[in-house]
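Have a look at the structure that comes next, please.
Letters A, B and C mark the chains as written, and numbering starts fresh at 1 in each.
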């Protein structure tokens, strides 16, 4: 952890400067996180008057609860599907834009703006489109004999949130893939062309391997996004339903804790998610160090 | 203007790395002292301690007779010119020059007149409203000097101010700095690793090595009578030839060299004091290995039987010799410098 | 490009046009919906071209008070305030803490750095209940302070400034010290002006971030006077199942999503810089 070669003589000033950030961090981050850990090991009596230590009970119960295990599975499906779809789509678009010279920035603008659409608005937009009574897509699907009703059909509900979440994330992935592609030296491409590789072969043997740091970085970011930033999408489209079919881990923390007021279980779920974010962050930062060398 | 007195100054970094091993140096009022040495010799650290940018582990530094050890850089009334110029990139040249004066609460009229004078002196008037990035390297260098001059400080501190310039510009600026310093008569400490720059600028030269002072003196004194093997090798280009005494004795006979101080085992000769042909002094026989014409003079690389390392000799013009020629080489007696390998010092 | 095949060029444009159409599709549908009267949208066989009712619908959104939500302009005002306070707050506390960490050496410095780093690992989504409790205990429910302050700590902005400060030559600070500038003067006269572009880029990213907040306002506001637009449009959409007024709702959704989109489109350079640099 470096500083400058020379530093200002320290008295109280540096403490004053970090104080606001640290106070907010301690009060609104560290303390609540600690509370979550603490209450994940405690149970309240029915009147909320006293708490007692119950050890790993909440955790053990969670992992024997089919609903929670199912939620883990659903979250995994959701996260992987969104990452693959939005990254794949974004990569195709980035490769296409990277081929262009004059119109590249116009296309970029047209592809970047969905980043500014909030998850909850994205949810509302897609919900409107897929609404079983007034939506345009169910109407179109009806013409090819597919009945769409995500309020009854869990698979369709999952498809809905996957589409909405992927749609919103394409811009972000596009931006980073494009930056990655632009940093591939043109001379490599030219050398491969002289060696007789066609454009498709060049992409898979030269460009894509060089993009792997970007791809890995985006995979981590996308997992993070689908796990934690998609609350608004779920809340605006399915509310976790039907019959828990889209109740992802984060949404479950909210419904069990804030709506269901099951403090112990919700806290244990929070702690499990924290462990997951910490793991993702550590992986990301280890990797960032390598990216600097690259 | 002021004198700078450095007494017993040491610098020990965290982890017990000693950068400066105890230095005493008195810099007189109006003097331009050049600290010269290879990188890592402690010259920049010493300068930065005078500036107040490094703490002093031991000893005292006094400016104008007042000990400044615990004073902030701003309270020492010094100005500094940095290697990368350290111009404030978002300020115009004028604002760069004014900044230090404003911070000291100098009255507006005074600021304006000082900036105008410095700008005239350095011929940077046409650029006053430009940003540093719109200037060439040489112009930036002038602005950095101007920022020091307007302050009218007790001392100028220069930290390798010319090493980012190309060779031609460096030569011009060297002359200019010399002229300015003569005119302003401000006490100056100048750090460089370039021995030519050091020689040409200094009133007094301080040769440093490994955190210690090797020699202090007028440039010509240091050149003519280097106090140690290190100084002999560092000052002067091409460097001094060092011939083992044993080898010399084998060639010219031990009788003539007997009244050298004991401990002497190396004899140094400057390349430009060596001559061809017979005459006073010792005469060796050498074979010309290589001739480098450098323009106005030529460097000859000579091989002498008994002496392992080639000898270098500087001759004016273009000597009428070809590679492979065998020539007599004369070492005048007054050009010989006796050294001891054991102490690394001069022995006479 | 290495080769010049007309077929590839055409394919490239086709792919991109398809991409642009897919990306724009949901918003186009919303736009169409917002431009028709209520009767046009009662079944899936909605019109595919815009109608002429946009202005009327927008006026209705802006003037009409709807059941269960605050007036539109009030929610817009709340969203604006929230985004602005979060943006300025994050930048302010991040830049001064980065300044302290880079330009001072003080006991506890490394600890402070790690505490700030940890916030990266604790998104509000995973500590909903205890954070809500803290805010409730401090009496900050239904207030701008409660809406914004808990979101103001920012490791990414601190890291961005730290990284930027490390690239500023050491000599600049030394020159300023010799020129008589103390830490605060150096910060104000040198560091802050040099950080201008970074601050601007962060402003773009953070404003969008603040504007998008949904879960947090949902937790800490019960009083509709503190509802934000994101909450408001969600509530409007949710109650419309019974009484579908899709033209009005979509007009409201379009209005709610417009400000950050305009920022991305018109400040694309800063937006890209902000997004890419905060992820380093």
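The rule is simple: a contact is a pair of C-beta atoms (placed from the backbone, for glycine too) under 8 Å apart; a residue touches a chain by one contact, two chains touch by 3 or more.
Model, not experiment: these values are computed from the prediction.
Between B-C and A-C, more contacting C-beta pairs join the chains of A-C.
Using the average of C-alpha coordinates as each chain's centre, B ends up farthest from chain C.
Rounded to whole angstrom, the centroid-to-centroid distance between chain A and chain B, based on C-alpha atoms, equals 60 Å.
Each chain gets a centre from the mean of its Cα atoms; for chain B and chain C, those two points are 57 Å apart. Remark: chain A and chain C have CA centroids separated by 16 Å (rounded to whole angstrom).
The multi-chain contact residues of chain C, meaning those touching 2 or more other chains, are 174, 177, 182. In chain B, 53, 72 are the positions where the chain touches two or more neighbouring chains simultaneously.
Multi-chain contact residues of chain A (touching two or more other chains) are listed as 6. Touching chain A in their complex are the following residues of chain C: 1-3, 8-9, 12-13, 15-16, 19-20, 23-27, 29-30, 33, 41-46, 92-94, 96-97, 99-106, 108-110, 112-113, 115-116, 118-123, 125-135, 138, 149-150, 152-154, 158, 166, 170, 173-174, 177, 182-184, 186, 208, 211-215, 218-219, 230, 233-234, 237, 244, 246, 249-250, 253, 256-257, 260-261, 263-265, 268, 271-272, 275-276, 279-280.
Every residue of chain A that touches chain C in the complex is listed here, in rising order: 1-8, 10, 13-15, 17-18, 20-22, 24-33, 35-36, 39, 89, 92-93, 96-97, 99-100, 103, 105, 107-129, 133-140, 142, 167, 170-172, 175-176, 179, 189-190, 193, 199, 202, 217, 221, 228-229, 231-232, 235-236, 250, 253-254, 257-258, 263, 266-267, 270, 273-274, 277-278, 281, 288.
Chain A makes touch with chain B in their complex at residues 6, 9. Here chain B touches chain A in the complex through residues 48, 53-54, 72, going by the rule given at the top.
Of all residues in chain C, those touching chain B in their complex are 169, 171-172, 174-182, 185, 189-190, 193-194, 196.
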